[in-house]
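Everything below concerns the one structure shown next.
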């Protein structure tokens, strides 16, 4: 299958709300970077996390298999360090093959959930 | 009327929440791919659905008439197979004429609904 | 001031939920097309509304003054005809000068509101 | 690190809901323009705010440090004037180096919060 997308993506808005309802992981407050690798080669990703008042964290390294999607929970990142909750951040994702990236937040701080999503920003050079 | 849009679209974020309130179809948890075909020729679509841990499903074939919009409920897809609920997925849509695609989720798992939407990602080649 | 944006925009997702709380117009279920005209000439807009099973409605004609923004409530359109509630639709906006368009829905069908927004899709030719 | 993004961004949809729950600043109704400056030079920003029925306000001047993100609360702007609550507005951001901009609204007017987000619109010229 043909690879589609871009190699560099950015998500300026990042914020992990304080922990919500730990009894159900799917409904816990979280952010996800959803990565689609529609092509026939594995995608090797490097994430860097930017903050308001310190140098960036990372790189975090991940692989998305050929013809697979990875819905990465950003609160799951551990190596080299977890992203702190309650802190503004931003994310840059680079891949060695074209992928497509969408960002979603579930906020479960109140009794009801709130959802938001957007495509990430893609640098202009596009994969074939 | 002039066709506008692109022939290849991708939606990295896909998740059908477990079934909510079956008494009202419009308020049941669902995802929709909203397709606009503003041109004077019917659009023949092929959808492929990508997963985290298996090969893609599809193609699903659909037609959007000339000068029509189709708000496709992804939980309605049956042929060749339904998309399982509670599972991460991603979608690629190809059309033989330019269309525009937007993705929306209604999450009705809690007492109140949550909504999110984004334009899908479009490959660069654009219809006239 | 320099005009920025595009002359053709599309919003595939459109749906006016059944009327919510008429006691407060700002909290009533609605959709808005937010148009920014940052340039020094008035923008003359033509909207066309597409449906699932009938020919498009319109054109609806609107003006956005130079250096002004118009947050157009789509449920306010009357001429040539109102958009019916509870019906899937899509919108194409054409302008004689470059503008930027964003789409927002407030859904007040339940006790709590839900919000969603996205930039509209823009045709490639861009204003200076 | 390589600068990524664009120098001109626009957010057509702007609305600061009437003040919600002042006891917790993070849950108060607000809008944020999240700016990522991934490059090695400080970004000097100029914001202009557009209204429905008066000339634009601004410029508001801000700096985002090299390799930093700024999640700017638009209700915090004071100089030259605050943005009034309950008023439709739009925002244009210009930067002297490439940045990426995303817009988010938290609406806390009701007992539960609602969230929405989108990338801002970017003018075509892209930073290296």
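For clarity, chains are labelled A, B, C and D in written order, and residue numbers in each chain start from 1.
By definition in this document, a contact is a pair of C-beta atoms (placed from the backbone, for glycine too) under 8 Å apart; a residue touches a chain by one contact, two chains touch by 3 or more.
Protein names from UniProt, one per chain: A, B, C, D = Sensory rhodopsin transducer.
If you're wondering where the values come from, they're calculated on a predicted model, not measured in any experiment.
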| item | value |
| --- | --- |
| Furthest chain, CA centroid comparison against chain D (Sensory rhodopsin transducer) | B |
| Chain C (Sensory rhodopsin transducer) on chain D (Sensory rhodopsin transducer), rotation in degrees - Cα superposition, rounded to nearest 5 | 90 |
| Proportion of interface numbers common to chain A (Sensory rhodopsin transducer) and chain B (Sensory rhodopsin transducer) (over half same, under half different) | different |
| Distance between the centres, which are taken as Cα means, of chain C (Sensory rhodopsin transducer) and chain B (Sensory rhodopsin transducer), whole angstrom | 21 |
| Between chain D (Sensory rhodopsin transducer) and chain B (Sensory rhodopsin transducer), distance of the C-alpha-averaged centres to the nearest whole Å | 30 |
| Residue numbers of chain C (Sensory rhodopsin transducer) (touch at least two other chains) | 111-112, 114-119 |
| Interface residues, chain C (Sensory rhodopsin transducer) side, partner chain D (Sensory rhodopsin transducer) - complex | 1, 4-5, 26-27, 32, 34-36, 38, 67-71, 100-102, 104, 111-119, 122, 126 |
| Sites on chain B (Sensory rhodopsin transducer) touched by chain A (Sensory rhodopsin transducer) in the complex | 8, 10-15, 48, 50-53, 55-56, 86, 88-90, 92, 105, 107, 109-112, 114-121, 123-124 |
